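Each chain gets a letter, A, B and C, in the order it is written, and its residues are counted from 1.
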C-alpha cells in the first residue's frame, strides 16, 4: 500500500492514535480551568493563558533551583504544586479586585481580563526578560518509551496524559463529591436560593475562580515539557481553550471532555492527511460550522442568570 | 588631510579598535574640525558639530521582542564602542530608540517619525520581513538609510537598505551541499512555519536538492504560526523516514517542535536534522538537551574561535550580563553601526546618497564573524558555518565554507 | 430662515442642540484645528487613527446600541483594506516597473510564488468602480452569512464574541498561508497610486485626510439616522430585553443581521481609507488583537456614543504613540490598565464623563438645560445580562 510495509503502517497507526490521545489531554488540561470559570460562572477569562504562564514560569524557576541543589529528577512534583498555589492565589486576588464587580456584565469581564492579560504579559517581560526560557527536564522525562523497537511513545506525552486524568478526577471529586462542589453547583443553579439557605455565594465565586486559575497553573507547568515558555506563551493557547469550552457546551464537565476529544482527533487526523496549517484551519472551520448549527455546544446545560 | 591619508588612518584605527582609543580621540578631534557640518551634511540631517543622530527601530514589546532584544543590545554596544573611539567624523552618535511593538504598521509609522521628524542620519532596525516590507516604502520615499540585520528570503534589493544578514541562497546552498556529502543524504523532509521566509527558503532548497544534488524531497510541510501540536507531523516524518530533516520553524512553534520531536524518539542519534532557524537565542527557549547533536546553518556562532570574536563576546557580556548569549542576527546587527561609520568616513559626508555610494566595496576585516565585504547589491559576502549543538546551548563549528557572494535574485531557483 | 435652521437642528440627524454642538466640535477638531495645528507627518498619523474610528463607530452601533459584541470587526476592516490594496497593487504592477520578474505585469509576491497569471478573483480589482463596489458589498455579504447563521439560531452574547474571534483567526491563518494569492504575512505593500494619482505626496495626504474625515462624518450621520429611527429604538429595546421585543412580534434576528451588515460596511470603508493613507495592508489587521483593540477604542469613548467613539480612538492611539515613543516599557501596563479602568470605573467612557460634567460649565449649560438628551448618549449602555445563547 503506497509503498509502505504493513508493519510500517500499523506502527504509524498506533503512534498516530497516541498523538491524537496526547493532543486530547493537552486540550483537556488547557480547557478544564476555563470550563470551570466560564461554565460555572459565565465569566470570560481572557487572561487564562497568562495564568498558565504563571505555572510555566514557576516551573522554570524551580527547575533552576533544582539544578543548583541537585534534585532535578523529582522537582516536577513541587513545581506542579507550587504552580497551582501561585496561580490559585493570583486568581483569588484578581477575583477580589476585579471580577466580582463585573458578574452582571459578562462581555465586560472579557474586556477587563483582556486588559489584565496585557498587564500580566508585561510583568512577565519585565521580570523574566523578553526571551523565551526553558526548564531543565529530568532525564526520565526525555525521549520515548518503546513497546516494540519501531514504536515510540513520547514520555512527556504520557506524563501530560496522566496529569490530565488526575486533574480531571480531582475536579470531578471536588465538584460532585465534596461539600464545596455542592455549594458551587447550588450557586450555579439558583444564586438567590443558595444564598437564602446560607451559602456564602461570594466566597463560592472567589474559590471557583481561583480554582480555575490554579488548574491553568498546573496546565502551564505541564506544558513546559512540550512547548515554549515566554511572556506571550499564553496567547498561543487562548483560542484553542475557548473553542474546546464553547464547543463542549459550557457548564458541562462531560461536554468539555468530549469536545477536547473530538477536536483533538479531528485535528490530529486532518493534520496527518493535509498540510499542518490547512489541517488546523479545517478543524476550526468545522467547529465554527457545527457551532452555528448547534450554538449551545455538544452538551448544553443551564446557566446561572 | 587628503583622501589617501584619511583612508590609511581608517585602516589603522580599524585594525586596532580598542587599543588606539586615545590616539583615536585625538585624531578624531582633528577630524571633526576637518569636516565642517555645512560640508558633510547638505541635506538637513540631524548632524551637528559634535553629534549625529542614529535611530534604532526594533520591537521591545510584543511577540517579536523575544528575537529583537539581542539586536538592540548589539547595536547599542557597537554605538558605545564607536563613541568611545570618538564617534563618526568626530561626532558622537546620539541614539533615538523607537519601539516597533511587533506590529508592522507601527514600523512604518516609526520609520517615518525617525526620518521626517528626527532627521536621523541612519536607522538600525527591523527584524521580520513583514516589518521591513512595511517600512521600506518609507525609506525609499524619504531617502533614508536602513541597516537590516536578519537572514531573510532575498528577492529584494533597495538602494536605501544594507542587508547585514544573509539572503536565502547564502544560507541554504552550501549547507545542503555539506550535509549531503557528510551524511550521504538522499532523501530530505522540508518543514517550516507557514509564511514567506520558510516557503521561499524551502523552494530554493527543493530546487537545489532535486536539480543539483540529485536527492529527493519526500515531504514538504508548513505549520501555522503559533501552532504547538506536532504529533501528526512527526508521524508523517516517521513514515517517510527521510535521511535529513531540513527545518525552518520559528517562534513558539519552534520550541514545541524540538521538544516533541525528541520525545517522539527522533533525537540526533536516530535522525539528522539541519535547521536554518535556530541560533543561540532560540536555544534558551528550546533547551540544549533537546537540540544536542542537531545542526544549524548560520554565518555566525558564539563559539567561533578567533580573537575578534572572543573580544566581541567578552564586551557583549560585560555590557549585557554574563548570561547573555549572541546569535547570528545579534552579530549581524552589531555590524550595522560599524559599516555605517566606515561608509561615512569613506564618503567624507553624512549625505545619504554619498554614504550609499561609498559603502559597496568596503571590506570589514575585523567583524566578529571574520572578514565581510559589502557588495554592489548591498548584501554582504560572507562565509557559511555549520554548527553542531551541544547540551550547554553552544555549538561546535564543524564546517566553514569559503566566501559566498550574495545573490538575492537567484537564477534557476525561482 | 431661523425656523429652517431650527428644524434642521432639531431633526434626528443632528440630534438637537446638544447633538449639533457635539458634531460641530468634532468637525472643528478634525477639519480645522488638527490640519492647522499639527504638521503633515502627525496629521497623516491622525488620518490613520481616524480610519480605526470607522470601526469604533461601527462597534457603537453594534455593541453599544445593539448589545452584540463582535470581536471580529478586524475581518471587515481587513476585507475593505485588502480590496483597495488589490486595486492599487494591480496598478503598481505594470509590466514596465515589474520587468525584472519572471512574469512581468503581475504583483511581485505572485511572481515569487510561481504564479504566471493573475488569479480570477483579482480580475475585478482592475477597475476602480468594481473595487469600490466590492469594498462595500463583500464585507456586507460576509457579515450577512455569519449573521444569518448565528442570529437565526439565536447565538448571542459571549458565544457570538468567541465565534467571531475564531473566524478572525481562521481568516488570518488563511491569508498568511495562501501567500501566492494574498501576499502572505507581509501583506500587500508598496502601494503608490490610484488611477495614476500619487497618494504619497503632501497634497494627496491632505486630500485623503479630508476625504477620510468626510466619510467618517457620513458614517456617523448614517448611524445617527439608523439609531434615531424606529429601528434604533427597537435596537435599544433588544439590547436591554431581547425576549420582550421578540414576544412583541418582531423578528429580532433580522434586525441583528441588518445592523451587523451595516457595521461591516462602515468598518470596510475605514479599511479602504487605511490602505489609501498608509500605503499597505497586512493580515495583522484581520486577527484577534486588532479586533479587540478596536473594541477598547469604542469603550474608552463611550460605548453608546458615536462621537465619543471618535474621541476614544484618537485618545487611545495618541496615548499609544506618545507612550511607546517615551516609555515603551510602560505602554502595555497603561493599555491594559485602561481596559480595566474603563470597564470597571467608567463604563460609559469619555461620553459619560462629558455628560456628567459638561452641564456644570456655564456656557454649555445653556445648550444642555432645555434639551432632552438624545437616544445615543442617554440610554444606560451597560449590557444587561446576556450570558447564554438564549438570553
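Criterion: contacts are C-beta pairs under 8 Å (C-beta built on N, C-alpha and C of every residue); 3 or more make two chains touch, one makes a residue touch a chain.
Since we're looking at a predicted model, the values are computed, not measured.
Colleague: Which of line, ring, star, complete or other matches the graph of chains that touch?
Modeller: Here the contact pattern is complete, since every chain touches every other one.
Colleague: Comparing the two chain pairs, does A-B have more C-beta contacts than B-C, or is it the other way round?
Modeller: Ranking B-C and A-B by C-beta contacts puts A-B first.
Colleague: From the C-alpha centre of subunit A to that of subunit C, how far is it in Å?
Modeller: Computed from C-alpha means, the inter-chain centre distance equals 34 Å.
Colleague: Rounded to the nearest whole Å, what is the centre-to-centre distance of subunit B and subunit C, using the mean of the C-alpha atoms as each centre?
Modeller: Chain centroid spacing, subunit B to subunit C, equals 38 Å.
Colleague: With chain centres taken as the means of their Cα atoms, state the distance from subunit A to subunit B in Å.
Modeller: 37
Colleague: Among the residues of subunit A, which are close enough to touch at least two other chains?
Modeller: In subunit A, 122, 125, 277, 280-281 touch at least two other chains.
Colleague: Provide the list of subunit B residues touching at least two other chains, using ranges where the numbers run on.
Modeller: 60-61, 194, 222, 224
Colleague: Would you please write down the residue numbers of subunit C that are in contact with two or more other chains?
Modeller: 173, 177, 329, 332
Colleague: Where on subunit B does subunit A make contact in their complex?
Modeller: Contacts found on subunit B: 60-63, 65-66, 69-70, 194, 221-224, 226-229, 231-236, 238-239, 252, 254-256, 259-260, 262-267, 281-282, 284-287, 289-290.
Colleague: Looking at the complex, which residues from subunit C come into contact with subunit B?
Modeller: Within the complex, subunit C contacts subunit B at residues 41, 44-45, 48, 100, 102, 108-109, 111-114, 173, 176-177, 179, 184-187, 189-192, 200, 278-280, 282, 284-285, 321, 324-325, 328-329, 331-332.
Colleague: Can you list the residues on subunit A that touch subunit B in the complex?
Modeller: 4, 8-9, 11-12, 15-16, 18-20, 22-23, 26, 122, 125, 129-137, 142-144, 146, 152, 154-157, 225-233, 235-237, 267-269, 271-272, 275-277, 279-281
Colleague: Under the definition above, what is the set of subunit A residues touching subunit C in their complex?
Modeller: Subunit A reaches subunit C through residues 42, 44, 98, 101-102, 104-112, 114-122, 125-126, 239, 242-243, 246, 250, 277-278, 280-281, 284-285, 287-288, 291-293, 295-296, 303-305.
Colleague: What residues on subunit C touch subunit A, complex-wise?
Modeller: 63, 69, 71, 149-150, 153-155, 157-159, 161-163, 165-167, 169-170, 173-174, 177, 288, 292, 295-296, 299, 329, 332-333, 335-340, 342-344, 347, 382-383, 385-390
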